[in-house]
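In order of appearance the chains are A, B, C and D, and numbering begins at 1 in each one.
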């Protein structure tokens, strides 16, 4: 996208800024929509209606919330470590925002087409841990501290199964570029990696069960990485009040919220790129049929966002259905079950791909 | 008095419109502090639960005072608790609102005469915006209290209040 | 299962000095009166005896008997001097399904009663409550501090001659 | 040089989402491990006992409502029974039946809140709202009987404040039919949920002898395996006419007396209450004045009485001393939650912070009753 804008505008800085603005706007809009969706979905699951009064079925609710949050006073407790306290939400948000740079929304709409996309995302999303630890420590609140410690332990642990599954996919695809992985799964859902990837060889059929296992592992562990129920122990409402952002009012709290929802989409995007064809349509493109080729990137963006939203919806669904795990059980799940199975899966995928 | 203050004190179309927008945002998303005291807290829970659903008005409970806009004093305030309530109120960022729910919070309720350990009305400690009568108030009454609070917010202004 | 009279007989035989008497004239439940400083030994016996087996203390209630001489102070408030404060013990045997009520009375000016919190764990908080509201002093209690009222409250509110303070931490009480 | 280590003190409450009101727990923790729990109560001490001394016998009834506000009917009932015993009042049979129906409906409502908030403490939101939806229907039944949703002032000394509505029996039957599927739903969502079992089984084990020594009653005691229910073992009112089981913990998912057992006793007791109400509705005498035995002026003889009823939380006892006047000389309540809260330190030692919520939820306290 940067090249395209650079050609169009003839100004590198402007082009860069615009390229960066697209994901930012997307995150904002997506968060507004996702929080609304969360409230509506949870309400309908619980025999309630959810927001109804502000706009049609509460559609403006989040705009009102956001405007209100902007107006709030931002008191800082006297005992807080001010520089860290103020910097933490920015760092957390930066981590998740940076990840969006490498996510291909369509074949054209991508911030930076780097070859190491997958690696970059895994690396840059670890920023969050530092931010969360800073938030927990600097708030000078025991609940925040406990939440931050839990969160750091959780995110660091669950990155291992995620990375192991990703490693398997890299072995299979031979690339770290998210665009290339998406391109491999083109033209039909039959070519998605959840169904063994492109081609019609024996190994494709052998891969299917292990791909499904891999998908389940990565979905669970990314769920834990973004602190969603049943793994929301860092911000467990009934235990730690609000976890690491207990002390954050107003706009700083909004940044944590933005991060949470942006992360939800980011991990959903990664899952859909690795296993569900990324921005590729499952059935073929209307643009190809009609011969209007400029339509294809838009269709791709539509499919990508739909897939992302579907996984976000599943996350919401799980949140309002399941109870929460305890911190030691969370670790046990990761180290005793997910990591060994992920290793095993990795080895089997390696053997099959050698066939 | 600076130019800006003068502008604000007299009011004009721009301020009025911004006022409307901000007031609308504030009144549409009153986040309550998830905090129950006594019997009324159960009615407050019932108000948030499936049948009545406070979320329709954009009211959701936040458990930390830092992120809450309104505190519903739902029940008897005892002397031991009053200092804590005051502290919670002080921890909330402005703009903040208080709904006093039920007779006990309004005036001590049935405990006003012999209650040696009951604060006779929470307004002795913190300023109250809306009083909801009842022992306990029905969820509908709490809705009414919220609507009154929204009315109050709607008429607020950034302009300096004239004496 | 034993009636209260039978329990009284057993107790009287075991502790002739400490068991003061049984008040069977009351319309509903007979009361066994005990010496306040011997109550712990009797409770241990009641709990451990095979035929009684009072394994739980259901309720321990302090009562201001208000049986002293009543006078008025300058502001017209009642002041009681002399008389007694009492503690009632409602014991229950979960297995044998019989109950008994014990009563001890201690002088109002010096209300010392032996604690039974080592016999039944549930007595701990009940005794703290009786101390908090009536000022009954339980000897050998592990942690006899106020429980319901604030730790810095003055006076014992459930005494019949209790007078409210005007302010508490700057808040008007009445 | 030896390093000095210090335990962190975490102050939980009085404003905390899962302390069920204004309880304050002072936790001493080492990392996530809890080494000591000190409950601080009294934040809702509303001077009930002082009020009783200043009120006439019948005026005390509304104050009993406000003690255990989740089981107000039962509080009324316990007090009415005590005064009736003191004065020797015999209430009509129809009154007894209506009292049983109301009491058991109240038990369902109270257990619904207990189970729901327990789920909330574990992190499951949805069952809480399902149960509140059904509780709302019980409140509708109460409301059409006495006009109040939460604090009823319904069971008076010697009778009831109102007779039941003509539609009451039909609507109650309808409710009972629709309630049974909810219990199944709760079982599916919570009781047999793998995560829920992991969180609650083998947590906060309360051995039977400790429970008895602490004076635990109700579901907390029954969860430890002893079938002790005042409705059956020290029967009052007309409970001997009904056929119901006393539910006890079986240690199905872990150790006997753990958090899951106490929780599951409550779930099953809701179904037992349904059974009792169905029988009571069948046998309910058609005619009868519910106010015929209400005395004009209550002036009991000198004496004292202790009566106890099986409140949803355990043994609710009223100890009334009368000096022959129209006001009680002393009313002392035995609140089950007060006694149960005392076991917190024993139950929680050596558990993690998250378990504190599970244990606290499973003993189901109501702070209005703890502090009175």
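Here is the rule we use: a residue touches a chain if its C-beta (ideal position, glycine included) is under 8 Å from a C-beta of that chain, and two chains touch if they have at least 3 such contacts.
Because the structure is a prediction, the values reported are computed rather than measured.
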item	value
Central chain of the complex, centres being mean CA coordinates	D
Label of the chain whose CA centroid is most distant from the centroid of chain A	C
Approximate Å spacing (C-alpha centroids) for the pair chain A, chain B	36
Between chain C and chain D, centroid-to-centroid distance (C-alpha), Å	26
Cα-centroid distance, chain B relative to chain C, in whole angstrom	44
Geometric centre distance via CA averages, chain C-chain A, whole Å	63
For chain B, residues contacting two or more additional chains	49-50, 63, 80, 116-117
Chain C, residues touching no fewer than two other chains	148-150, 157
Chain A, residues touching no fewer than two other chains	46-48, 237, 241
Interchain contacts, given as pairs of chains that touch	A-B, A-D, B-C, B-D, C-D
Complex contact set, residues of chain B against chain C	79-80, 82-83, 116-117, 119-120, 124-125
Residue ranges of chain D in contact with chain C within the complex	41-42, 45, 47, 49-50, 53, 85-86, 88, 210, 212-215, 226, 228, 233-234, 301-306, 308, 315, 317, 319, 321, 330, 332, 334, 338-339, 341-342, 371-372
Interfacial residue positions of chain A with respect to chain B in the complex	39, 43, 46-54, 58, 60-61, 63-68, 71-75, 237, 241-242, 246-250, 253
Residues of chain D that touch chain B when the two form their complex	14-17, 21-22, 42-47, 50-51, 54, 62-63, 66, 69-70, 113, 128-130, 132-133, 135-136, 139, 149-151, 367-368
Residue ranges of chain A in contact with chain D within the complex	42, 45-48, 142-143, 146, 150, 229-230, 232-233, 236-241, 320-329
